[in-house]
Structure formats: structure tokens, C-alpha cells
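Letters are used for the chains, namely A, B, C, D, E and F, taken in the order the chains are written, and counting of residues starts over at 1 for each.
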Amino acid sequence: MRILLINANTSADITDRLVAIANAMAPDGVVFEGATGRFGARYIASRAASAIAGHAAIDAFATQGEGAGAVLLACFGDPGLDALREMSPVPVIGLAEASAGAALRLGARFGVVTGGAAWQPMLTEFFAGRGHAAALSGVRTVAPTGAEIARDPEAALALLSATCRACVEQDGAEVVILGGAGLAGLAARVAPRLGVPVLCSVEEGVRAVLAALGQAGGQAGAGMLAPAPVETIGLSPALASMLRNPPCHRP
Amino acid sequence: MRILLINANTSADITDRLVAIANAMAPDGVVFEGATGRFGARYIASRAASAIAGHAAIDAFATQGEGAGAVLLACFGDPGLDALREMSPVPVIGLAEASAGAALRLGARFGVVTGGAAWQPMLTEFFAGRGHAAALSGVRTVAPTGAEIARDPEAALALLSATCRACVEQDGAEVVILGGAGLAGLAARVAPRLGVPVLCSVEEGVRAVLAALGQAGGQAGAGMLAPAPVETIGLSPALASMLRNPPCHRP
Amino acid sequence: MRILLINANTSADITDRLVAIANAMAPDGVVFEGATGRFGARYIASRAASAIAGHAAIDAFATQGEGAGAVLLACFGDPGLDALREMSPVPVIGLAEASAGAALRLGARFGVVTGGAAWQPMLTEFFAGRGHAAALSGVRTVAPTGAEIARDPEAALALLSATCRACVEQDGAEVVILGGAGLAGLAARVAPRLGVPVLCSVEEGVRAVLAALGQAGGQAGAGMLAPAPVETIGLSPALASMLRNPPCHRP
Amino acid sequence: MRILLINANTSADITDRLVAIANAMAPDGVVFEGATGRFGARYIASRAASAIAGHAAIDAFATQGEGAGAVLLACFGDPGLDALREMSPVPVIGLAEASAGAALRLGARFGVVTGGAAWQPMLTEFFAGRGHAAALSGVRTVAPTGAEIARDPEAALALLSATCRACVEQDGAEVVILGGAGLAGLAARVAPRLGVPVLCSVEEGVRAVLAALGQAGGQAGAGMLAPAPVETIGLSPALASMLRNPPCHRP
Amino acid sequence: MRILLINANTSADITDRLVAIANAMAPDGVVFEGATGRFGARYIASRAASAIAGHAAIDAFATQGEGAGAVLLACFGDPGLDALREMSPVPVIGLAEASAGAALRLGARFGVVTGGAAWQPMLTEFFAGRGHAAALSGVRTVAPTGAEIARDPEAALALLSATCRACVEQDGAEVVILGGAGLAGLAARVAPRLGVPVLCSVEEGVRAVLAALGQAGGQAGAGMLAPAPVETIGLSPALASMLRNPPCHRP
Amino acid sequence: MRILLINANTSADITDRLVAIANAMAPDGVVFEGATGRFGARYIASRAASAIAGHAAIDAFATQGEGAGAVLLACFGDPGLDALREMSPVPVIGLAEASAGAALRLGARFGVVTGGAAWQPMLTEFFAGRGHAAALSGVRTVAPTGAEIARDPEAALALLSATCRACVEQDGAEVVILGGAGLAGLAARVAPRLGVPVLCSVEEGVRAVLAALGQAGGQAGAGMLAPAPVETIGLSPALASMLRNPPCHRP
């Protein structure tokens, strides 16, 4: 079974890295295939870049989603998540939402550490919108962006550990999520210093999408109820076609 | 002073109509100038179309926003509102948010009537995210889309009145908002049949943007705190430039 | 058109000052007329004084409201706001509510700085009751009351700036509101030191009431649905008459 | 010990009736003494009347509160409750708040039945502001006002029972509160027809104030933290004195 | 009349102490009778111990509740409260819920001081679940458990006072609750040092249960609506019988 | 790897059925092992039975949890969930929480259909406490209990389909969860009639626990922060030992 991994940013090297992590975790018969945003920011550092990424994610799904068994929106902050779900006949998993679910399997309050100051208010709003206002102990960002951390993870470990510790000791987190592609793979190295679970958002997203695979099987359709067909201009042919012929979920 | 009126959809005729309504309300020295989405749906009928419209709105702002004294995001549901605010040095007004503010000047609970079934959950989430979960009595959609109503408003009056009456009598609304370009101009004709205020979302948006004009004067900068510069691909030159050089609001 | 500006306190000199600010902002054909509370505190420094001011505001409206095109409740904290709306056929604007609306045109979270320690919990409750619990970053009060600051604004500038800066840096405010008549006119002087928008509650109230003017035109009635007629004793004749013959908003 | 029972309305006969009910429940050594609003509506039938009643309640407390061991604000809807608490060195109990507390001793969700359509939105807001949004199953009003029901309680029993039953069967109430002086004494007659507890708001207020008596003993001061002294005009001498010399609760 | 005081822990000496406090406050004709958990922890120091205590409380009620006029669940945190209410024909009062009600008679925000670190998140969740998320200024625990404080209350006074002061000055509490049997009797000694009310949770629970006594009289049944009969194994005979024959509250 | 499946009820035949379903879904190397409550109700039909089940679940974990790689609390409503997490070094999954997470992968609002009227308020409170108040469209119960449905699933299909349809058409659900062991296996048969996803709570719980397996690997400890050791009486030796020596999660 093929799973579409959408990197809503435009950094193909990041997509490759995410796909490699995912395929290393995949069981036999499951293959993650990457899709990189055709337009937009290299990484999301503003609300504007996030809005564009929502479009890019849907565009990627329209172009490469046909026949996928599930979709992993591999961008912490989950731009376009509900739009993808509306259009997709198969489950769609976002890194941030999946990580929150995973964190709440282990404790009652979770903190988030990620790269890029713009994400602090954006993620606070995201988790509040998903019902986790009380469960989120807080979002802390580290000065370098996720991309910069990806370039030199070693230098970032001490900073990350200190920030995670602040989540626990000052904010009351019982679990900490390291959010974003830039921090992928660092959770296992930070966890031993903390004494509480530290989760990798990418790994949790992969686990959630694997869990959802069986869920998709045996179901005729899925998603949200209300999309109506509409004509468009200026979109990729696949996206235009998808909006012209949205799935019908109405009972 | 020039005000940028962004129609995040791709129907230029709707843009013209919105601009005409706005300029008829503008005082001397204020001119509304229209911008139509370069890509996306003719009107928003799904979450996917709304996500694309967020991108289109920012694109329009980047292309035509220079020198504007304020921005009116003339699309009920306000796709891209916070992203525009993040990037704009001048006030940005959305139709839905402005209409809620106007309704709450007159009563404690407001109902919304608009075209297109997809908007029911989308607007409920929008108003909840803006703190109006308790003030919103409910969203009711009429079967035809806003565009269809625009084509034959007469036929829609009886239906609209009945739907507004349901907002008041069944949902407890004290004020009703007719949302969307398709219903522009109908509020004054429905109101006499209702006995409670019926607001036109376009007129309320225009009023709010005119009110905000003075607000912008005398202020060095505005917007949200956190955007960081980032490189992009595949965007319009103006949008790419804006993301590469976002405004700095930090004190 | 005449607009009734109600100072719910009993300081006529403050009323004069508020009217002067408003009329300086008014377009041709619009005149603000002041009404000062006939009884109650010089300024509000307790919940008891605020409750009395609610009565005084309605009394002023009953006495001087006839024929007004709109009402500006020019007291930050908006005592009696919903009662005025219930009784008024024209829009009623409160300083605090209007300022919140204006702040949210510019950013997602706002802080409030005002005079008088009693206002900290009262305003926190007010904004929460209006749906802004998440949007309010916090209320900070400066040691002198608004009235004292009005007497020596120069001495207060450094303190105000530092307090506003705390709203931004410690509380996460993206916009700061200077609330109350005592701080009127100081926003423009504090803003340059901050780097984020600083709003004057009086100016925002005036802008909102001007915006609402058109809104009132063309509407037969407005307000809230439920007032029933009742006999009273010990009230001013105008207020007694208003409660005996409340407006009928029911459809 | 003397307990001040404040009827914030201006119907002295209602005050007498409330005092009689309270004294019939009082143990030896406890005497309820009535205070009737010196100004305002005969009964509250609008938000305006409620705002005036807040002033009247504080005025009554300032005039007659000296030496009382507790205060019962005997007006369902509790106008002026927090202002009274701010100024009072002894516990202040409101009928609505006390009834909610009593209802929640018996079940998880309570409904309210009272007289006068204006109370539906007012009480819904009141209970939401006190944290009971989820616990309140709904407020239903009966067509006659409380005062009218008081005049002919027999005729109202069937209507009341049917309304209470709707609270249980349609709204999910586990307990029903009969709110207001007009319905005092009817709970015991309605309860047998319902099968779930039906509470009388006056009796619950009396019980709560008796429970609070011991609480007051041995405490130097109480109330809220922030009132500051202020000069006033046009108030009763006792109220003016109270605002000039508010209690100091700060530690 | 006999009132059942349930100590959901297994420390009979604590039960005796709670009963002594309650009977010292009881009027003639009212006698508190203690019931100690037959199994579980000596005091609650974990969520697991709290869950067991919920079972123990219901077991105690099933065994000794017959004929009681009311039930006092004398364990701050109120384990099993709603289950008891479901099964009880008479009012059930929990220490934490009753204390919150008592605190809110005196001010708008309350803080909690108790023994045992596990209670900080547990009580925060408890009060949020009861609608007091906004009213709770915070829970602070002192290093020794309640049981340890009970052993040497003198040594704890200075620590308690400092912790209560932090509730007021850092958290904004207007009233402070000393929660738990271990702190019973200390409120009166801490209060004079604070300047704001300090409540004893045990005394407030007793006051609430006495207030509820009259409430129970004249009512056929009470409690929650939905329990269905079910067979059990391994329970005490009384508890098995109660689950086999639950009360029928349905109208 | 062994996974402990806890049936908090006392019906061993239900445990066997749940284990069979789980093992049919388990990959090679993973074995579910059942644990049945040693005491309590055959199935949960009241709050009292649910409270007892919380104790029984912890008891089962203490007795059989040693060495398990994860824990599945296979009782829809998740009694004892947080207490298990506090004590467990490995992830603990509850059926209701896992099903909500699965539903939200497919849509924005979910409905619940389960057996037994007592669950309507209990599950509404459970999901609200987990942040899903806005996402839950409602809980509908079918007249027969889950156990009864299990006995004759054929007869229940029409009823279930109609109830699910009511969730969609009347409550606005986009996904429906069939909750409880009694309804296990019926989702796949109901789904084709609905047109929207219908989830089996047992299957979703199994998927979530399999997803969490990798999560546990590589982590030293997990759970919640605060349990303190305490002596007990009357418990099973394993449970007494666990409370005497709780895990230490503090960093």
C-alpha cells in the first residue's frame, strides 16, 4: 500500500528525509511516497507562508493522492488539514494533531518545543482549535528555525534539553513534543536527560498513519460532509478537477 | 486615500459589484480599488476552495497592497485574514469579523444566513475561533449558493426572510447577518419583514474599514509580531518579495 | 445628526473633554452632545461605583437620548451597556468593547493598560463575558487612577510606556489599549516608543460610533428582544417613562 | 443575629413575604430583616430594570447593612451581587447563585423556570458567567411574570409542572429550580408531579445564608480586594459614605 | 437526624477527628456518624489511590447509608461524588465542591492550599470539571502531606501562611481554602495573618450538609437519572444489592 | 511483545471476545492477553459501577501488568484511565479516547452510539473533560444494553443504523463511533448504510495501542508526575505493592 507523505513546504531535501524516516518505520507492504509543495516557502516562518502551504498541500494531494491508502501531512502545524480531509476518501493525519494524541496517551498535559518564533502563537491557536487549550502547557520556540537546527543538530541539543526542561518545570508539562521536520530524530537523544517522555512529531505522525491504515479498509467513503462542486481558474489541472468533482459524503 | 478591496474568489464581476457598493458608501477622498483572486474558485463552496482563497488573498495584497490606507477582505468567512494582518502595515478588515462586531453593537446574540452548505461548519468554527461561540445563535444556509442568489434576488427574498425568522424564533438571534457578496443589498429589503436588525455583511465591512482609516494614521507599524523572512519558489514576484522581506513589528 | 456621549461618571469636566475629542473627529453634520451622570462617583474605583454608573447611564439616556442617531457610552468598562442596547432604537457603543474590536483588526491578542486597581478584575471579567478571554493578554493598572493621570499626563508617560512594554514582552500582547478618559490622547505619544499599535479607547469609541451611524439608518428598530413594561418608583421621570414603555423589538 | 434580606425591587409586599418565609426557616437567635429598594421597578422585567436594581441593592445595604451578620440578596438574578460582596465584611448570598449550588448537590445538570421573558437571556448569561454554562440545561420562562403568578398560584401549577417537565425531558435537567419571589412556595407542590427534585430559590437562598453564618464568625474581614475610595454626588448619604470609605481587604 | 460522614480513606483516626469536628457544629437533633473506607490508602497520594477511594466511598454508603438524612463525603477532592449522588435519595456534599461554593459567597476567585503534590493536577481538573476553571486562582501544595501536617500542625503554620499569601499576592486569590482533613482547624489560625478569608474545607462541608438538610425533607426522590440495575461479583453484599436495585429517578 | 487488555467489567466471556478481536488484528510478535475485573458489575450501567470499574482496572494492572509493552483499557468510557497512566511505565490506551482520536482523523465532528442510558451523561462529561466538547455532536444510546445487543446483533442492526443516521442528520456528526464491547464488529455492517465513516471502538483501541508500541520503545519512564507512596489496607497484594512503590516520573 502506498501512503502519500506531503511536505507542504518546498524543500525537497526535507521531503526526502521525512520519507526516509517514515519508510524505516513502515511494515512490509507499506511504502511512503513523498510529495513536495510546488510553490511556497522553503519552511514556514510566518502566517502568510502557512496559508500558502495550505494551498500547496491540497495541490499536492490532488496531483499525487490518487490511490493512496492514507495521507500524512508531514508539516508540524498541519496547514490545510481540514481541507485535505474534506477531499480525501482515506484518512489524513497531521503531525501536530497526531503528536497531541500520542502525548495524551502518556500524560494529561503536554508542552511543545519547535523552531521559529512565528509558531508560538500559531500553534497555540491550532491546539486550542482542536480542543487542547487546557492540555497544552505551552509552546516554546528555540531561536534558530527548524531548518537551521537540521543543519547542526549537535549544537542544538543542550538548548533543546533546557527548553524541554522549562516546559516541565515551569509550565507543568508531563510530556514534551519536539515539533517539526527540523527536530526529527532528536527526541530519543533529549529524552534521557529529561525523565519524562519526549516525542518526535514525525515518528508520531508515522505511527498514527500506520494505525489508520486498517481503519480505511472496508470503508466506501470518508471525510467531511459539505463540499460542493465549483469552477476554478489558475490552478493545477488536478486541483481544478478535484474542486470541480469533490467527493460526495452525504448519506 | 486608496483602500484595497480583495475579492479572494476569482469572479471579477463580483469584485466590480463589491467595489461599486463600497464606493457608494465612501466619503470624499476615499476610493476603493478592487483586486480579484488570480487563481482559485469562482466562489467558495468547500474547505479546499477556502484554503486556496487564503493564498489568493495574500497574493492580491502583495501585488496591489502597496500604498493602500486599509484593506477590506471582501469575502465572508475571511480566508487569510490573520496572514494579511501579519503582513500589513495598515488595518485589515474581514467581512465576517466586522459583521459580528456590528451585530454585537445592537444585541447580544447574532445569527448568520448565507449561501452554500459548506459554510455552515466553516463559519461556526470561524466565529468560535474569534471568541463568539456563545454570541452566535447559529448559521443557516439557504440551498442556492450566494452566486445563484445574486442572479435572481427576487426569488430569494421569501426564502431569506423565512430563514432569518428561523434564526430569531428558533435559535434566539437578536440580530441577523446576511453574509456574502451574493446577498449584498438584500438586508434592507428583508429587515422590514423581521422586526429585528438585519445586517449586510458587505456594508458592515465597508463601515468598519472606514472607521479604521483614522486608526491607521499616526502609527508607525502594525500587525502581528512574529513573521520571519524566508525564501520561496513558484509564487508571484510580489508575494515572494513580501515573504522575503516581511514587516518587522517587534518592539 | 446628534450623537449622545454618556459619561456615566459625575465629573462634568471629563464629559467636556470627551466631547471635545469626539467633535474634533466628527465629520460635518455630526455633533456629539455630552451627558454627565446625575449621581454616582467622580470616577469608578470600585464595583459598587460601577453598578451605580450603570443606573446613571440609563438615566442619562432616558433623559437626553430622544432623537440621537447613536449613543457612545464613554466610560471604559461599559457600565450599563446591554441595558442601554435593550432600550435604544439606535446603536450603542461602549469604549471597552469598541477598543477590543479595533485591536483585533490589527492583531490577535491585545493588552489593556488603565488607571485604578479595581479595574483589573472587572475588565478581565468584562472581556471574558464578551468572548475575548483568549484574545486578552492581560489587564495592567498603573498606580494612579485615570483622574490623577489626567491631571499630570507628562509624569505618567514613562510609567505608561513601561507598563505597555510589559504587556507586549511579558504577556504577549500584539496591540495595547490605553483605557479610560484619564488616558485619552496619550496613545499617540506612547506608540512610537513601543513598536506595536497603541490604541486610545476614546478615539476607538468615536470611530466605532461613526461607523455605526450608517448602520442605524434605514432600520425601524433594534436592540434586544425581551423588555417588558413595568411600573417604577423613585426614578427620574424620563427613566420611569422609558421602563413603563420600553421599545418592542419582537418580530 | 440579624440578617439583612434585600429585595432589590420596590415592592414592599414582596419584601414582607420573603422575610416571612425566611424567618419561618430561621433558628432561634436569627432574625431576617427586610430592606426594599428605595427606587426602581416593582419587579425586574428588563435589563434596564436589573441595572437599576443593582444600584438599589447597594443603596439598601449601605443604609441598613450595619451590624448584619450576613446579607441575602433576595432577587433571583442577583443584581449587584459582586458589588455587595466587595463592600460587605460579611457573606453575601444571591438567590440564583445559591440555588445553583443547591441543585448541584443533587445532580449534574439543572434547569430554571421563572417568570418574565426578559430573564431567559439574562439568566443564561448570569449562570455562564458563574461557570455553570455546562451545568445549566436551560432557562424556561412562563408567560405571566412572577408577580402575576404570586397573585394566582393555583392557576399556575399546571403550567409550571408542564414547563418543569420540559426541562427534564427535552433539556436533560436532573434538578429544576423555580426562580424568583413570585414562585416562592410552589416547589413543594410541583415536585411530587415531577419525580426529580424541584427547588425553591428563596428557600435555597435562606439555607445558604444560614450555612454561611458560622462562616462569617471569627473572620476579621472579607470580600474582594480592590475598591478604592471615591467622592460621589447625588447618592443617599449612607451610600456616599460607603464609597468614600470602602473596606480595605488587602493583606 | 443521622448524617453519614464518609472518610473515603482508611484511617479510622481521621474519621474520628472529622466526626468530632462535625458534631461540634451540629445543632440539636443532628448527629454525624462516621464511615471509614474498608480498603484503600491511608490517605490519597496518587490518582490510583483516589480511584480506589471512589469505590470505597460507594461501598461505605451502601453499607451504612440506609436512613441517613444526608451524606458528607469528607475527603477533599470528592472521590466518587457523582456516583454517590446517583445512588442516594438524599443530598450528598463533597468537601471540595462545598468549599468552592462557600468561597464564592465571599469573593470572585479562590485559591486552594492542601497537602500532597499529587493533588495539584487532580484538584485543578476537579474544579475545572465543576465549572470553576476561571474562578480558581490556583492550587498550591505544601511539601508534607495532609497526614504529616495533622501530626505537627504548629510547625506547619508559618509554611501555610506563606503559601496562602502566595495564593493572594501571586495568583490573585480573594479567598483561600485550606483543603483536606489534615489541615482541619488551621484556617482560623492562619486567617488573621492574611487579611482575606481563609476557609476550612471540613467546616464548609459541614455547613453545606446542614444547609441541605431541610432541602431533602419533603422530596420523594433525588439524584441523577440514569442508573440501570446490573449483577455484580466480588463486592460487599450491600454494594451488590445497591447496584442490583438502584434508585429510579425517572419522572 | 505482550499487551495487557483490561476488561474493567467482570464478564470473562466479553474479555475473551475482546482478546480474540485484538489478536486477529495484531502483527506477528504481538499478543494480547486479557485481564477481567475481579469484582464489580457484569457491565457498566451506572456511575457507581463505573467508579468500581476504575478500581478493578487498576487492580488488574497491578496484578497482570508487569512486563506488558502497552495497556489497552478495553472498556468504552475508560474508567481509571488517568490512574493507570500515572502508574504505568508504558502507554495506556482507552477505547473512548482512542476512538475520538480516530474519528477526528476523518472529520471535524463525531457522534457516539452506545448501549445503556447511563452512558449518555457520563460520556458527554468524559469527552468534554478530554477537550472534545465542541467536536462531539452528541451521544445517543440505544434501549438495550451493550450486553443485550451482543446477544442478538442481527435484531439490533436496523435500530443502530437509524440511530447513527440521527447522529448525522440531526446532530451534524461527520463520523459515528459505535462504542463498547457489545457493539464490537457491527461497525462494518452499519457503515454501508450510512455513507459516512462508522468506527468500531474496539478496533480503534487496538489500532491505537499498536501505534503506541513503538512509542514506548527507547523511553526510560512515562506517565504522570505526582504519585507519592502510601500504605493501604484491604487491597490485593499487587495493588498494595504498587501504591506503596509508585513509579517516580519526576525529572
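The rule we apply is simple: a residue touches a chain if its C-beta (ideal position, glycine included) is under 8 Å from a C-beta of that chain, and two chains touch if they have at least 3 such contacts.
As the structure is a prediction and not an experimental result, all values here were calculated from the model.
S.K.: Give me the chains shared as neighbours by chain A and chain D.
M.R.: Touching chain A as well as chain D, we find B, C, E, F.
S.K.: On the document's contact criterion, could you list the chains that touch chain A and likewise touch chain E?
M.R.: Common contact partners of chain A and chain E, which must touch each of the two, are C, F.
S.K.: Can you name the chain that lies farthest from chain C, using the mean of each chain's Cα atoms as its centre?
M.R.: Chain centre farthest from chain C's centre: F.
S.K.: Comparing residue numbers, which of B-F, E-F or A-E shares more than half of the contact pairs of C-D?
M.R.: Most of the contact pairs in C-D are shared with E-F.
S.K.: Shared interface numbers for chain A and chain F above half of all numbers used, same, or below, different?
M.R.: same
S.K.: Farthest chain from chain B, going by the mean of C-alpha atoms per chain?
M.R.: For chain B, the chain whose C-alpha mean is farthest off is E.
S.K.: Could you tell me the distance, in whole angstrom, between the mean C-alpha positions of chain A and chain B?
M.R.: The answer is 29 Å.
S.K.: Roughly how many whole angstrom separate the Cα centroids of chain C and chain E?
M.R.: Whole-Å distance between the two chain centres: 44.
S.K.: On a C-alpha centroid basis, what's the spacing between chain C and chain F, in Å?
M.R.: Taking the average C-alpha coordinate of chain C and of chain F, the gap between them is 52 Å.
S.K.: By the touch rule stated above, which residues of chain A touch at least two different other chains?
M.R.: 82, 85, 108, 121, 125, 133-134, 224-225
S.K.: Quick one: which chain pairs are touching?
M.R.: Touching chain pairs, listed by label, come out as A-B, A-C, A-E, A-F, B-C, B-D, B-F, C-D, C-E, D-E, D-F, E-F.
S.K.: For chain B, which residues are in contact with chain D within the complex?
M.R.: Touch list, chain B to chain D: 108-109, 134, 172.
S.K.: Which of the residues in chain B come into contact with chain C in the complex?
M.R.: 25, 27, 82, 85, 91-93, 97, 101-102, 104-108, 130-135, 165, 168-169, 174-175, 188, 191-192, 194-197, 199, 203-204, 207-208, 210-212, 214-215, 218-225, 249-251
S.K.: For a test of understanding, state which residues of chain F touch chain E in their complex under the given definition.
M.R.: Interface residues on the chain F side: 10, 37-52, 54-55, 58, 80, 82-84, 86-87, 116-121, 125, 129, 145, 224-235, 239, 242-243, 246.
S.K.: Where on chain E is chain A touching in the complex?
M.R.: Of all residues in chain E, those touching chain A are 121, 125, 128, 133.
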